[in-house]
Amino acid sequence: MGIVSCVSYATTGSRVCDVQLADVSEVLKSPEGFVWIGLYEPSEALLRQVQAEFGLHDLAVEDAHIAHQRPKIEEYADSLFVVLRTAQTGEQGGVEFGETHVFLGPRYVVTVRHGASLSYGEVRARCETSPEHMRQGPGFVLYAIMDFVVDHYFPIIDKLEEELEDLEERIFTGLPQGRQIAERIYHLKRQMLLLKRAVSPLMEVCNRLVRFDRTLIQPDTRLYFRDVYDHVIRINESVDNMRELLTSALETNLALVSVRQNEVMKRLAAGAAMITVPTLIAGIYGMNFEVMPELKWAFGYPFAIALMMGSCGVLYYLFRKAHWL
Amino acid sequence: MGIVSCVSYATTGSRVCDVQLADVSEVLKSPEGFVWIGLYEPSEALLRQVQAEFGLHDLAVEDAHIAHQRPKIEEYADSLFVVLRTAQTGEQGGVEFGETHVFLGPRYVVTVRHGASLSYGEVRARCETSPEHMRQGPGFVLYAIMDFVVDHYFPIIDKLEEELEDLEERIFTGLPQGRQIAERIYHLKRQMLLLKRAVSPLMEVCNRLVRFDRTLIQPDTRLYFRDVYDHVIRINESVDNMRELLTSALETNLALVSVRQNEVMKRLAAGAAMITVPTLIAGIYGMNFEVMPELKWAFGYPFAIALMMGSCGVLYYLFRKAHWL
Amino acid sequence: MGIVSCVSYATTGSRVCDVQLADVSEVLKSPEGFVWIGLYEPSEALLRQVQAEFGLHDLAVEDAHIAHQRPKIEEYADSLFVVLRTAQTGEQGGVEFGETHVFLGPRYVVTVRHGASLSYGEVRARCETSPEHMRQGPGFVLYAIMDFVVDHYFPIIDKLEEELEDLEERIFTGLPQGRQIAERIYHLKRQMLLLKRAVSPLMEVCNRLVRFDRTLIQPDTRLYFRDVYDHVIRINESVDNMRELLTSALETNLALVSVRQNEVMKRLAAGAAMITVPTLIAGIYGMNFEVMPELKWAFGYPFAIALMMGSCGVLYYLFRKAHWL
Amino acid sequence: MGIVSCVSYATTGSRVCDVQLADVSEVLKSPEGFVWIGLYEPSEALLRQVQAEFGLHDLAVEDAHIAHQRPKIEEYADSLFVVLRTAQTGEQGGVEFGETHVFLGPRYVVTVRHGASLSYGEVRARCETSPEHMRQGPGFVLYAIMDFVVDHYFPIIDKLEEELEDLEERIFTGLPQGRQIAERIYHLKRQMLLLKRAVSPLMEVCNRLVRFDRTLIQPDTRLYFRDVYDHVIRINESVDNMRELLTSALETNLALVSVRQNEVMKRLAAGAAMITVPTLIAGIYGMNFEVMPELKWAFGYPFAIALMMGSCGVLYYLFRKAHWL
Amino acid sequence: MGIVSCVSYATTGSRVCDVQLADVSEVLKSPEGFVWIGLYEPSEALLRQVQAEFGLHDLAVEDAHIAHQRPKIEEYADSLFVVLRTAQTGEQGGVEFGETHVFLGPRYVVTVRHGASLSYGEVRARCETSPEHMRQGPGFVLYAIMDFVVDHYFPIIDKLEEELEDLEERIFTGLPQGRQIAERIYHLKRQMLLLKRAVSPLMEVCNRLVRFDRTLIQPDTRLYFRDVYDHVIRINESVDNMRELLTSALETNLALVSVRQNEVMKRLAAGAAMITVPTLIAGIYGMNFEVMPELKWAFGYPFAIALMMGSCGVLYYLFRKAHWL
């Protein structure tokens, strides 16, 4: 909660030192370098303090305080405000979404994390090992964060693709799980929609960063955003693919349920015939006519039983041949 | 009905005083400040009077008199005409729509409410507490109204999402309510279409206000419209999401109805077999052959009953194993 | 048939006098004013005469002679050719379509009506009462006609919406009319397609007229076309709405047919059980075993009947509880 | 096969004379006029010869040799290459597609026909009767050919619309042809896709010709291409319409099959009840109780038969009332 | 694995000699000509060496090392990076995808193949036979490779179209394979999605190459890319076509399954009637009334049998007439 870390970097890209939030304006008086502040679900007071330090716009700060924004990029006079949705596999195996808001200025970058999301400690560590990249300034930090966020979508996509394949197998092996299959397809579709909502606005965000022509982001850094853009497109395509397959899967499942119904009905008909025909024969020899020669025969009874079994056999053979059994 | 309020504001953004409609032109002779008039379902005469005061265009006034417009923004020589659709939860729990038309000029803003809609008294009160914003002129009043209107869509969206979740639960628990489920899905879809129609044109309205480059709306105010735009997009996305989920829900429900039909048919077949097989046995021992050894046995009758029950048991076991029962 | 009316108007917008087609070129020698000619299904000879008077383009005249054009606007050197599709409720309650072609030049407007369509006498009368508008020239006449044509779509839309509501009610009350419902949905869909085809190209037509930047249409008149455009969008939206609802209605109907099938099958199963179980009991007491104690009892017969009725009662209770009956 | 005709035209648009392919370059040495060559499935050698005469691009000539191109327009340095798909009703009533490739230069037009397609002799004859049009040069010849090709789609569209109407009637009269209906809908859909593929790229082709601003096509001729464009849009709209109706028809048919299934099942249930209830009564009087008063009655037998018939009658009345029969 | 070939070409387009990778920079010191290097699944070390030789961008090299990119084109300062997906029919008859990455500079072209893909030896051989084309430089090599890759999609499309036709036939002949049909449709759809994903981004790639206005690709070469573009559009159209047909096929199959279910149910009903009616007759003559004249008749028994058979015959005739059998 609150401030996670607050570090200043030199123009050479190398880490200078940890600073107190209150000292930031002091630090920025030096003509070069920038500050990277990491916050996690900050209180309003803290956010207001940060706002005062960097002169952030009211509307952006309000957005940063309340989660449940959609991914977007907003330009203010001399700064950028970027909202990202992060995703990770939850403890029960479902997808959990978090949010990261980034304020980007010429001399600072502020990240605000909300909800389930990995710490950016790893990103910071990786950045600090390559000062030749950090030299590109706050814009590169934004890239590093976006790259980290986007790359964490790939394992989620892989897991959902596996689930879909498992589902396909169940649909076609036709185990008696029609009910669960329809339910699972529906829930996968729901998750796809959430993913789609998290990922597809990122395309617009990346696209604008690639084309962004002000000094906040250096030309070299733009090539990196193009790389993120490419990843986002791939994730987006996978999601679209799966959505389409799920729609087909639902329809295919419906078709197969109908096919099975047909099969059940044919068996029902065949079974009914094989019981009712002998019943009819029994009924005939149960009639009370005075003159019924068979009734007098010594072997009348076995004959009747044989007749019943014979008719059953013939019916079985016929239904079998017609693939009703 | 008629005039709800008519107040003049100074360039500093602070409230000056209530004015009579007839005195408005007098008030506007002073070189600064603006007038904000609120009307509720005005008579044609009143509208014509307002038109005369501010020189509004015939077509816009005609539109403002008749409700059932779609949300839009129209530019006239030196004024704007904006139509918004407002929504609120009605007394029976359904969504009720109203309309608000706004005339915006360099020195005036006129709001015309129609149908079920909240008073803008609250908006006015809030605006008057922050003269630093009101200083931006009539454009800020338009923002305040749009923000108020759009924010009232969120609780409606939440309520509909809850309804959808409740519906999903019913679909999958499979209570015998197939009929009501289909009907409720349909009615939710219908409401989504109405919401969509009310909200989606707002995107175009906001977009144009964000890009609007004339003096009527100050550059500072445009950032605020971007915020409204962002809210509209989120509402719109939620509506699209729900529509897609409802389509899937309808299909899933159809699939589940078929699955259940299959189950009923299997039980029907199993039940039929378990009654007709004993009937066949009874039929056999009802035959009138002279030579039927079992008929003479002392325990023939219990034997037959045992045979019937035994066959029933075997069938029960077999159907159970095949998951038909 | 042929010429319906041919009137010349002064630049002040007021009616001058009726003229003969042959005198039109004479009339146009005066440096001001314009001529408005109304034709109804003209012969080719008449069209050729009109063509010669105003120097219309071959291709436009050919189009005007043959109906079954789609709504469009075509620019020629110094004139416009506009095709509109008109709609009205026919005598049997269906929608009947007609066509109106308009040639528009700097000094003339020629309307050519085809098929079922109202006379533009009413439009002409209304125009002549407001010379201040007619002063805007032939462009305003085009507006007046388009406004008239578009406004006549609203009652049709209302009627179709009523039909749809009636259909929805029938779907959910579930009267045994599955067959007719599907048929009516299909026919409504067909009508929607025809309406869509008639209305949606009008958006493009209006849009181009709003943006039209030559002298043929005065800047003031463009605002009027924007009003027509707005009406067309509303009609178009209603049509799209209904199409989507009809698609949902068809699917919902299908789902409800399946639900009802399920109910029928459950009742069928319950009914079968309630007949076949007593039959089995009767079969048992129809067996011919020598030792069957019940057969000797004085109350054996009533006991058997009671047994049958009892089993029926128990089954009825069980099926009722399971909501199968 | 090979050269069908090769004629030179003067700048006045009138036919000069037939020329040999080898003499074409000779003819083109005169400063004016153009040559129109018609080929039908030419050999590669012949195409190479034509290529040499006019300096056509390798890629265009390769395309022209192999059929199965999609309609397109391609610009080369000083020439155009246009591919059209032609359609006509085959002998068995199906739609047969052919292809026409057109090379267009400032002084020549070469048409190459492939597969089932009408000769352009008729087009040539019509062109030659109006030298005032032919004066516009090779561009007009291209128009004449495209107009001819596009106009031949209309009767095909009409025929398919008739087929669709016939199909609709069959769906709703409900003759027992469910199988054939589904098959015919599918095959119509397939044909629609082929038509769509042939026609929709033509829109882009025409559109580019209308906007084409080089000397190859004269401004006057562009108006003619706009006319072709308009026809293509109409054909395209009809195809889209029919596709949508076919989708609805398939769904409606599915709904009606289900409705009929419901009806069959209700009758099945009613019929079963009307046979099994009398069977139960017969079973009761077949029981062997010693004390069954009815068995002793003189009119017991007729009484039992009456009971059976009575129960049948009551059931018939009840099912009839419930619309199950 | 590793380097497949590395050859230098003169500006005249003719092959000079094989070179070692390490000597490439030496070779490029001569002011003219270019080098074409072919790699197959290179190790990272090898890729880094190539990167060093030509100064390739980090991001492009990273992409080239990891397969599973989507087709794309990326511009770097003075080079292009192109990703293609290749397809070929696998040994089990399925479609196998590979990838080819191309680095294109003013003096070099590097191809990197991954997974199942044909060697470009054939392309190289064909290029070397036409130095007049190779003179266009590395851009022409890119064309030759893309043309080769795209042309290999055609036989795959043909094979899938055959499969679809086979499937259609099976759907309409109605062999009892409902289950397999649904499964095959689903798997074809899945393959279509993969194909779509491989082909559709190629349109954007080609489109950008056609419009590419820098020296890397000569104006003459652009016409060749337009040709590839045209092929890609055709493949893409075929895939879209098949997807739409498969959707229809799935729905049609569902409709036919329902139609067949109807038929089965009618036969079931007819069969049941033909067994239960004789059973009823037998039941009647099995009643124990003392006075039943028929029982005393000498021909009572044959009469009853005749009655049974007669009722069967009548029912058979009736059901036949109603097309239930």
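Residue numbering begins at 1 within each chain, and the chains themselves are lettered A, B, C, D and E in the order written.
One rule holds in what follows: a contact is a pair of C-beta atoms (placed from the backbone, for glycine too) under 8 Å apart; a residue touches a chain by one contact, two chains touch by 3 or more.
Here the structure is a predicted model, which means the values were calculated and not measured.
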Between subunit A and subunit D, the fewest steps along chains that touch one another
2
What rotation angle superposes the Cα atoms of subunit B onto subunit D, in degrees to the nearest 5?
145
Please tell me whether the contact surfaces of subunit A and subunit E are same or different in residue numbering, using the over-half criterion.
different
Which integer distance in Å separates the CA centroid of subunit C from that of subunit D?
25
Which residue numbers or ranges of subunit B touch two or more of the other chains?
251, 254, 258, 261, 265, 268, 272, 276, 279, 283, 286-288, 292
Contacting residues of subunit E [partner subunit D, same complex]
168, 172, 174, 223-224, 226-227, 230, 233-234, 237, 241, 244-245, 248-249, 251-252, 254-256, 258-259, 261-262, 265-266, 268-269, 272-273, 276-277, 279-280, 283-284, 286-292, 323
Residues on subunit E engaged by subunit A in the complex (per definition of touch)
57, 59, 63, 69-70, 72, 74, 76, 176, 178-179, 182-183, 185-186, 189-190, 193, 197, 250-251, 253-254, 257-258, 260-261, 264-265, 267-268, 271-272, 275-276, 278-279, 282-283, 285-288, 292, 294-301, 304-305, 308
